[in-house]
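Same chain, two partners: chain A is paired with chain B first, then with chain C.
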Partner chain A sequence: MPFSAQPPGSGERYVLAASLDNARHLSSLLRAVHFRDHATCFATANGLRVTVEDAKCIQANAFIQAEIFQEFTVQEESVILRINLSVLLDCLTIFGTSSSPGAPTALRMCYRGYGYPLMLFLEEGGVVTVCKINTQEPDELLDFDFCSTNVVNKIILQSEGLREAFAELDMTSEVLQITMSPDKPYFRLSTFGNAGSTHLDYPRDSDLIEAFHCNQTQTNRYKLSLLKPSTKALALSCKVSIRTDARGFLSLQYMIRNEDGQICFVEYYCCPDEDVAEGEL
Partner chain B sequence: LSRIGDELYLEPTESGLSLCTVNSSRSAFASFLFAPLFFQLYEPGGPGPEQELQRCKVHMKSFLGVFRSLPSLEKTVWRCLILLKPQAGRLVLQLHCKYGVTKTHNLTFQECERLQAVFDTQRCASSITGPAQVLAEAVVHFPQTLAEVTLEAGSGSRIGLRNYVEEGAEPSKTMVTELWLAKDEFQAVAVAPGSRITFCLKEFRGLLTFAEASNLPLTIHYDAPGSPVIFTLEDTVLEVHLVLATLSDPESNPQLPPTNGASHLTIQLDDFADDLESYMIAMETSAYEGGSGAPPSPTFPLRTPDPTKSDPEEEEEEEEGAVPGTPPHKKFRSLFFGSVLTPGVPSLAPTQEVLAEDSDGEY
Partner chain C sequence: MRFRAKIVDLACLNHFSRVINTIAKLAKTCTLRLTVSKLYFILSDKVANGGVSMWCELCQGNFFDEFQIEGVAAEHNEIYLELVPENLSRALKTAQSAKAVKIKLSNKHCPCLRVAVELPSLSSSSRIVTHDIPVGVIPRRLWNDFREPSVTDFDVSIYLPVLKTMKSVVERMKNLSNSIVIEANLRGEMNLKIETDLVSITTHFKDLGNPPWASEDGGQSSTQGGDLEGMAEARIDIKKLQQLLAGQQVNPTKALCNIVNKKIVHFILLHEDVSLQYFIPALA
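Presenting the complex of A and B:
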């Protein structure tokens, strides 16, 4: 049941007001970036972006564009707030996480601005829950300065091909080594664990690879423990784009189709592990 | 195999690839031998003409990690290549999967001596052949924690299974489960009437799971208590053996001269562990070698391995294998050296007289 556009019983302006018929469209995306407790939310007229960071070397962003919402109004140019993502997710899924197509949870989100809590109104089957989540001072976020013009290598893959590989990565390895090359082995994921090393090779003509643009042979290592949470995003997605730039920074972009067929994006940025020099192939 | 030991021994032979394992107390040994026909390509030796056949051992868990998710493996993997690279110190397992994806695992391995259990099914007085399901359904009735089970040949060639109750246990407080299977449940029953053996259930269950899945008939060869019981599964490309030590009969006369050494188990390796069912590879553990200088062992004839060849470390390992509380420790004779595994027992050189064992007071 859609809520009325007017905030309940008050004439005050909300800097952010949004309505969503199915809260799962938001909660599943947020789960894909939920590897730390806190997140920073940005709202502009284009939509919502939720950012989570860790160890000053990994950043994940979930984008939910305004079109996904039934209503999305931002009164200021941009609204920024820092919030406890675990609590937010708990509230969004307060009616349970099991999917029952007949009774989606409806959501209305309101925020009065700096210093005010984020208000959530959730309704399912006539039952309404009101949540107020305190917001915090937003932190300075990392700027990976990753722009398309600096991209050296880019591969677009069907997620199906990577899902199992990521789920089965040898966690006794400290790093995940990614090799991208115009020559063999083209695209290789390697781990170096207690039992020995494992290499996963994807040939450039594999059916899984939708686009292969590799200009230079690059081998970079990234801390596996930091990248492992991206498996959640991978599990939700249908396609993933893997890009590296000249500095060895990694960009993973996941295209996620929700239950209504709408497209959203989640991206992960990771900087290479500096402890190790360029690994052997 | 992983239910038995922690290390997997791989040995390529002319007759196939052998995968085997032994448990820590050396009372259980299993092998899977895969004939060359099982493989699309089987090259035991290297490219050179005089290449020695290499063998190695790897940690069971490392090897299992390669084959982690069986259902997905069946759907996505077309071929598996196994290469031993001694120079690189790596055992390479390469899986060729759907979409042209190749997964290469470079496992570290250790060089090892040949792991070989000596036993002779010909010398066993009794044998039973039947579908594994029959036995699997029978053992279901025993609690998971049960350590040992007794197999008995009853009247009319019925086969009975009973949980083994330790001597010290109070009869009024122990639950005894006993079931009898009619002769016609099996394909063949040729047993000495009244014969009875007791062996460890845990390792046997592991084999049963594999046997059920493989749909091959299971054969049990056994002799007198104390002699090992041998379980075998066989088809055209696979030979599986599980050799378990059995409890020796307290009444047996320790002075009996050993029968001509028909078997010796020289296990030079440590434990094996993990899933029989994940290993479709059979290892051959047949070492039907003629006896010569069998060590004096009343209930389990052992052949002495040549002392000059035996690894001095093995004798120490024997003592270490005497972990209190493990069933084989109690009264089982080590399959491999004929000495009873008890702490403090000086490890016997295989050529020693049985008298040394008597002083343990185990009988």
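Presenting the complex of A and C:
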């Protein structure tokens, strides 16, 4: 059912106006990147990108392309705003999080520009909720300078193969060590916790591995506490691509299919843990 | 002073347990008033409760197969006990498939409600699990503290929205604010609002309907006449409202609230054989 209530003062220009029949298409993706309170939203005619960062070494981006929305209009070339993501998620899920198939929550989102709050109009079963969320000065975002031409190793696997491994990672380990190689052990996840070291190897010819392009043996360590939130994105996704570049920077890209079968992406970038000496293994 | 009661019917037992679970969610300690025909769970408005009060009434005949009471004196055939409802709730948890539950007031070392749960067993003799719940006997001179509160001069009376929706909304709002404004008018409209530095949220409910007495002379003071759209409102502690809604495990037959502008919200939740009234005062 299309959301028809007119937002107040709709004669005024909104730099961003969007409508979505099912707010869950947005809220579930945002949850996949919700590991800090604040997020930067970046809107262009192509769609919406929501970025969350932590500790200056990890960045997560959720992409919701314009086609997912029933309406997506951006009046300027790009619109950027910083917002409290916890508050945004509470608003998007105001009618609850359980999926009742007959009654999705409809969403309309409007933003008048710099200095104005983000307005949300949510409707379910005839009940309307209006939210006004204050926005903040956008911070400068990290640029990981990760481009596909610098990729050294790349593996694409079905998410179900990684889900259990990630859910059971030994959290007493400070790091997650990822080894990717054209030779054995091909693809190995290791942790070094209080109880000992754990190594999980994936054989190159495993059914779960859809693509295996490893050119060089690389072993890199990443702070586990920073990577752990990516488990949320992994849980939602059907496929994941793991790439590293010459600097050891890690890119995890998750392909997520929503309730209507549409595809969206979430990516995590992480830089290697510098506290660890190179020779240690 | 004597009291003994017995429940044999499993459906009645489960129903009674549900009522106790609801009470346990609303009050840490409360007063149980026993009369020949009814049980009352009462919370009177003390500062320690945040000024909240509760009045829950059950007809004993709808739950108990046997019910005998001998009050403090012939002309005052009632017993008032102070108890922790969570203790009673926990005792009844063991009774989910019981053959019978007996409740008796006993005074071995100190006053207790002795709950004896008879459980089915494979052998010929039943297993009996007994819980002794400490209670305080409230002397007659204090009984006046526990009279039924009444709110006669309300400004608006309105039926509540679907509790499931109201519960979801209030739970989310509780993450964001300590207080919530409830406002309603005689056109069947109700709004729930929060406003903080970070966010303002308003949820609009329509077509809720107003109970018939809402337009009688006795019930209205300030909204007499044509002001059907005027809202009566109160800002209340959101946790108290959330506790009330979370405690409702079964949808009530009737759910409504009376609002006295800027003073108090009086919730009335009626089930077939239980009535629950909950009063939440407006914040200063």
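Keep in mind that, in the parts below, the second predicted complex is superposed on the first by the 272 of 281 C-alpha atoms of A that agree within 3 Å, B and C clash if a C-alpha of one lies under 4 Å from a C-alpha of the other, contacts with A are read in each partner's own complex, and residues count from 1 in each chain.
Keep this in mind: a residue touches a chain if its C-beta (ideal position, glycine included) is under 8 Å from a C-beta of that chain, and two chains touch if they have at least 3 such contacts.
This is a predicted model, so every value here is computed, not measured.
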item	value
Simultaneous placement of chain C and chain B on chain A, clash or fit	fit
Contacts of A:Y202 with chain B and chain C, given as first, second, both or neither	first
Touching partner for A:E164 - first (chain B), second (chain C), both, neither	first
Chain B versus chain C as contact partner of A:N194, first or second or both or neither	first
Which superposed partner A:D139 touches (first chain B, second chain C, both, neither)	neither
First (chain B), second (chain C), both or neither touched by A:E67	neither
Touched partner set for A:E259, first chain B, second chain C, both or neither	neither
Least C-alpha distance (whole Å) that remains between chain C and chain B when both complexes are overlaid	7
Contacts on chain A seen with chain B and repeated with chain C across the two complexes	none
Residues of chain A that touch chain C when the two form their complex	84, 86-87, 90-91, 93-96, 124-134
Residues of chain C that touch chain A when the two form their complex	161-162, 164-165, 168-169, 172-173, 175-176, 197-207
Chain A to chain B touching residues, read off their complex	161, 164-165, 168, 170, 194-203, 205-208
Touching residues on chain B, where the partner in the complex is chain A	59, 61-62, 65, 68-69, 72, 76, 90-91, 99-108
